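First the structure, which I've put down as structure tokens, then a few questions once you've had a look.
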Amino acid sequence: MDYVIEMNNIRKEFPGIVANDNITLQVKQGEIHALLGENGAGKSTLMNVLFGLYQPEKGEIKVRGEKVEITDPNVANDLGIGMVHQHFMLIDKFTVTENIILGNEPTKFGNIDLRKAEKDVAEISEMYGLQVDPRAKIEDISVGMQQRVEILKTLYRGAEILIFDEPTAVLTPQEINELMEIMKKLINEGKSIILITHKLKEILAVCDQCTVIRRGKGIGTVNVKETNQNELAAMMVGREISFAVEKTVAKPKDPVLKIENLVVRDARDVKAVNDLNLEIRAGEILGIAGVDGNGQTELIESIVGLQKSESGKITIDGKDITNLSPRKVTESGLGHIPQDRHKHGLVLDFSVGENILLQTYYRQPYSKNGVLFYPKMYEKAKELIEEYDVRTPSERTLARALSGGNQQKAIIAREVDRSPNLLIAAQPTRGLDVGAIEFIHKKLVEERDKGRAVLLISFELDEIRNVSDRIAVIYEGKIVAIVDPKDTTEQELGLLMAGGKQEKAGESN
Amino acid sequence: MKLIKDTAVKLAIPLIAIFFGFFAGAIIMLASGNNPIAGYAALIDGVIGDAYVFGETLRMMTPLIFSGIAVAFAFRTGLLNIGVEGQLIVGWLASVVVGIVFDLPMVIHLPLAILAGAIAGGIWGFLPGILKARFQVHEVIVTIMLNYVALHVSNHVIRNYMLASGQRTDFISPTASLTSDFLAGLTDFSRMHWGFFLAIAACVIMWFILWKTTKGYELRAAGFNPNASSYAGMNVKTNIVLSMVISGAFAGIGGAMEGLGTYGFIQILSSFTNLGFDGIAVALLGGSTSIGIFLAAFLFGGLKIGAANMQAGANVAPELVEIVIALIIFFVASSYLIRLILNRLQSKKEGK
Amino acid sequence: MDIISILNLIIPTAIFAATPLIFTALGGLFSERAGVVNIGLEGLMVMGAFSGIVFTLLFESLGFGAASPWVALVMAMLIGAIFSLFHAVASITFRADQIVSGVALNFLAVGLTVFLTREIFGRGQTDYISERIFRENILFLSDIPVVGNWFFSNIYPTSIVSLVFVLVVWYVVFKTPFGLRLRSVGEHPMAADTMGIKVNRMKYIAVMLSGALGGIGGAVYAITTSANFSGGTIAGQGFMALAALIFGKWNPLGVLGAALFFGFAQSLSLSAQQIPALANVPQVYLLIAPYVLTILALAGFVGKAEGPKAIGKAYEKGSR
Amino acid sequence: GQADDNEVETPADTGDTGEEVEDGEGTAEDTGDFVAKMVTDEGGVDDLSFNQSAWEGLKQFGEDFGVEVDYQQSSDASDYAPNLNRLARDPETSIAFAIGFLMEDDIRSVAQQHTDKQFAIVDTVVTDDDDNTIPNIANITFAEHQGSFLVGVVAGLQTETDHVGFIGGVESGLIKKFENGFKAGVKAVNPDATVSVQYAQSFNDAATGQSIANTFYSNGADIIYHASGGTGNGVFSEAINRARNGENVWVIGVDRDQHEEGEWADGNVTLTSMVKRVDQAVYQVSQMTMEGNFPGGEILEFELADHGVGIAESTENVSEEILSAVDEWTQRILDGEFEVPQTDEEFEEFEI
């Protein structure tokens, strides 16, 4: 067998934890090799070892059959290993070209030869079909294009072996499809790929082999052609996972959220939400499907009170909340799981307990006349930690120290426990493993069954289709269609999201 | 078990840093031909040698505690207040003005004068706060600029409206004075005054506001993550302004301590008092905690008072003390180094 | 007095007052662009002023003649760079809080220089230098009518050097691979690391450059203006340089503008008493004018100053 | 106000005081026990100014009489009180000098607390609440206006542009004496000359000093008298720059002979200096005290007649005629022909 990469018996420790315990990973030339495992299983760590960011305590690495010491990313680059990181390694204020050439700049008389650089970038992007604008700044381009820049970075350095760490977690369905195409193209060009993803469907779609790890230990490698979703999930979690969201038929009651002719302008003064109308009833989950950038963020922020709307009216349970402050809106019965948990959801340097009380600290019994009662707060936090199965050493542990899934659970505990009549969940499962996803979906359905209205926003069509009772498709700031998930296919949804008309979608059926 | 060890390490770090600082100071003394033992003996003698110097040390601590708290409070809420110096000066001026101009019974006059200091300092903190909240102007520049404005404006007011003799204003009326014959008697005529106890109270108040009130919780949250705070319904802009106002008010009271306690007047300042800048060091050395600030102020105040005796008793230039202070701050800041050493020692012990 | 002669008075003074600020703020630019906050600029200037004077005196006595202050400038640059290692080691290697470390640097500089002054001169201030840097007319350029008068005649060569430095720094930071890497380290050190850039080495270089330029800034001030050194020679200029850096939005040309603005406001306030129209304005308004104008400018039209993204944080491999 | 009736009667040069010991009333045992100490202000004993001058006088006194002398350095204003107190409580100290008017309030309280001790202060008069002098403080003042008048005469005669300048440090009653004396001197000999006046509002801002000097010179002044401490360094820098370009500009120094400051490769821009003989004053008061004539409660004004103020020795840039004019004016002052103005009001009324 010709392995391009052999990682044998790798051990990597962090203070107090063994992230990789005797893991072996063997990747063949020209294959897409999946790496699967729960949050915190040690996948990123293993790949960072391969890329030279971490040094393993034990084990050996062979590249193309030769034993190597990868002491830093430069060595990895020289060996033809490139990595697209889970959290993008891009510099927002730099242009695409600058990001790509960084550390490897073509020069002319001592200064950067930007013209040559841009030409080189255009050439490579042409070759692999990775559309980018070489002069655009990273902060101005879409996440999908950012990802292509990441890939270009590795190719620019002549990488033959590419590591993708959860590349699809932040992409829209369209972008995911494009990425899959690109990966296939890369394989055809003779490259080899290691792909980390939590989405089993993706593994089944493009991968050849799949290595599963659990809690830092290697569980085994399977041939993707000979396996299925359930088997993979079981290997990864160590138990059976149900993928279908179990729920009964919704029994919607009175409308909770009513949005009429809403107009919101974004930072660039464009009407991001343009005359939008929407209604959600108690006891139903309404999913909003749409390609990123069609007004979802502005819609949520204007409901929540973080952004002023230009015109239109928003009511919760008949109460006008248009342009009220976030605090007033929350008190009118809104719960909100924000899409970026680190930026908007948590104060990472606060304890888990303090984070759980982030919306209610000012109320009795946690405080009175402006004085806080910490014992009461922590008592409550402990209760919720138990109830929502937040895995944390204690309620006083800093939120920073929790895994993404558990951070998300803490947020959900906070938002759901206040029994809001309206719960907005934005990308609630992004980057989480299937176990955590299962838990969160269950919670959303439970809330629905308690008679709450749930607004779900997600770029994952599967999630939208599985969880929602109704799906509203948003396009250019308007709701262009409302469909029933049961009799709408993924293709139809995709078409609607791309601006196609509902009738057409129906016709094509 | 682990918790106990963590606390022990936390306590050990400043102590080790202080030791390193003094050790380095000893080496410098040796290198410059002085006797470090005599030098430090004189230093210690100059801090706790008798009631007078001890009283002076406590007197020196008083404004340092306030300026330390002012810096720490802003720091806790994510703001860097370099303007404590200016806030302290206007607070000093305002308290003295009230102390001179009004004729009131002490129970009203003294609190009013202190309040005047707090308000003036608060206003001086409000400006950078509102500019940051409304226009995103970097608070560091504004506070630096306002220091100079405070200095010139205060000198202008003194020179044109309040000049009594030489370079200073009149004395404040006794009803606004913090001086205490009792404390002075206790400490052999030192200038220690009631303000010291106000400073202790301020430590408690800062701790209480930050850790025991909903406002403090909001302020800290906004300091760590303004985005998440506004998502959680807190008004981040108001909190920025409030934090700067409170910080400035603490600084202003620190100035009132000088005006109502130590001096009883304000003079034309030919340069900054440095009390505000020292506050940055006090706050950071004290880890922005109340107890830490108190202890750091003691160390600073003591070293400053003791420095003179070092020169008198052992002929060591007083600047040595500044070097030692700087090195202590370095070592505290480099706690990573100390942790590394401690870990090394620990694992060696375990290895055996 | 007509407007031209007022400007004749103010502009050269503004340039002169701005020069030390320009050098020092350019130093701060390197360090902060690489993600290391430098509140220690004040201390670096102190160190530079001290070295500038001490070495001028030394070289004078060694018979270097008119070259003495220039050689001393170079020495001040070196000493500044070496002294800045304190900040670098503490904040980069030992992950000290950069603000704390900068504050400590300021304390240390004043303590150390005055202590050394006492050791060397037996008193709290140095002797006066007699070889100085003098104002000169710049060949040809000074003959340009009006403008030549303002910018090129009777100007300190150090001011011209500072202008050249602005252009050089601009070029280095924005046009060379070194500059790109420097900025990447300040924006996203982990990204830079994955691209094979030695993050901490870049930071060290940047901090040392800030020490070198801060040293020059302090030395220029001491050699052209105060002519000796004492504990009070540098009193706040470093903080003004920091303000110029932020005001100038971490851009060399911005820094130049900001420093000139400070200089202009200051020299206007000093000259105002000699200008009939302004002679009756109470002095306090003129004294605070530079600072108030700066604040107004920031609030009014300059607006948000956003620094390098990863500024203030020590880089640990693998942390997020 | 200043009282002139307590003038010192025995002006002596430090050189010939050795004799007087033998003549003096003090016995050998007395002198053996006598200890004179001083507290410097922030400048320190080596400030090239009046602290240094005071210390030189004290040292000379110590050498001449074989008695112990010492000093205490203050690093900032809050050190004055502890330093004075340290001397006051030291049983050995026979007389404690406070150098500088900034210590006025501190010496008052320390002296009132230690009534058995002997104190002296330079540059001001310390009074109690009822405006009476304090019995155990000797007040040493100088007639700076007289000395400034003489340099004003020099400037008025020397100027070729009929335009001279005065740069003050921080504006205060004391510096006003320099200003008004100078202006009066210029007016006396050259009534048509313009005198530009500006205060830097700092004693330690050479850049501002240079900028103001630049403005003055650019506007046609050719001689600048400065009374501004370290700020004056910038005045010298500016003058040297211009002198090198062939301009005929001068600086008049202050407090001591500032010849050194004006030196450059091809010349010297120091025209002359107004010196204030603090050393003389300290020496004489020490001697009086040792001899049992402690001038407690008295106001000693060291003036032209006592050689307490005057023109510096370095006058090589001043012509013979001008020097003889100075002598003439000196005599007229000594003869009491007119009073040199000290305040703005007195200057307004000054006619000659």
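We call the chains A, B, C and D, going by the order they appear; numbering starts again at 1 in every chain.
Note that a residue touches a chain if its C-beta (ideal position, glycine included) is under 8 Å from a C-beta of that chain, and two chains touch if they have at least 3 such contacts.
All values derive from a computational prediction rather than experimental measurement.
Novice: If you average the Cα atoms per chain, which one ends up farthest from subunit A?
Specialist: Of all the other chains, the one whose centre lies farthest from subunit A is D.
Novice: What whole-number Å value describes the gap between the mean CA coordinates of subunit B and subunit C?
Specialist: From the centre of subunit B to the centre of subunit C is 28 Å.
Novice: If you average the CA atoms of subunit B and of subunit D, how many Å lie between those two points?
Specialist: 36
Novice: For subunit A and subunit C, what's the span in angstrom between their mean Cα positions?
Specialist: Centre-to-centre distance between subunit A and subunit C: 46 Å.
Novice: When you check subunit A against every other chain, which residues touch at least two of them?
Specialist: none
Novice: Where in subunit C do residues touch at least two different other chains?
Specialist: In subunit C, 232, 235, 283, 287 touch at least two other chains.
Novice: If you look at subunit B, which of its residues touch at least two other chains?
Specialist: Counting only residues that touch two or more other chains, subunit B contributes 152, 155, 271.
Novice: Which chain pairs here would you call touching?
Specialist: Touching chain pairs, listed by label, are A-B, A-C, B-C, B-D, C-D.
Novice: Write out the stretch or stretches of subunit A touching subunit B in their complex.
Specialist: So the residues of subunit A touching subunit B come out as 304-306, 325-327, 329-330, 336, 338, 343-350, 354, 358-359, 361-362, 367, 370-372, 374.
Novice: Spell out the part of subunit B that touches subunit A in their complex, as residue ranges.
Specialist: Against subunit A, subunit B makes touches at 211-217, 220-221, 224-225, 227-235.
Novice: Spell out the residues on subunit C that touch subunit D in their complex, using ranges where they run on.
Specialist: Listed in rising order, the residues of subunit C that touch subunit D are 8-9, 12-13, 16-17, 66, 121-125, 127-128, 130-132, 134-135, 154, 221, 224-228, 230, 232-233, 235, 237, 266-267, 270-271, 273-274, 283, 287.
Novice: Within their complex, state which residues of subunit C touch subunit B.
Specialist: 86, 89-91, 94-97, 99-101, 103-108, 110-112, 114-115, 118-119, 231-232, 235-236, 239-240, 242-243, 246-247, 282-284, 287-288, 290-292, 294-295, 298-299, 303-305
Novice: In their shared complex, at which residues does subunit D touch subunit B?
Specialist: Residue positions touching the partner: 70, 72-79, 81-83, 85-86, 89, 101-102, 104-105, 109-110, 113, 124, 169-174, 201-204.
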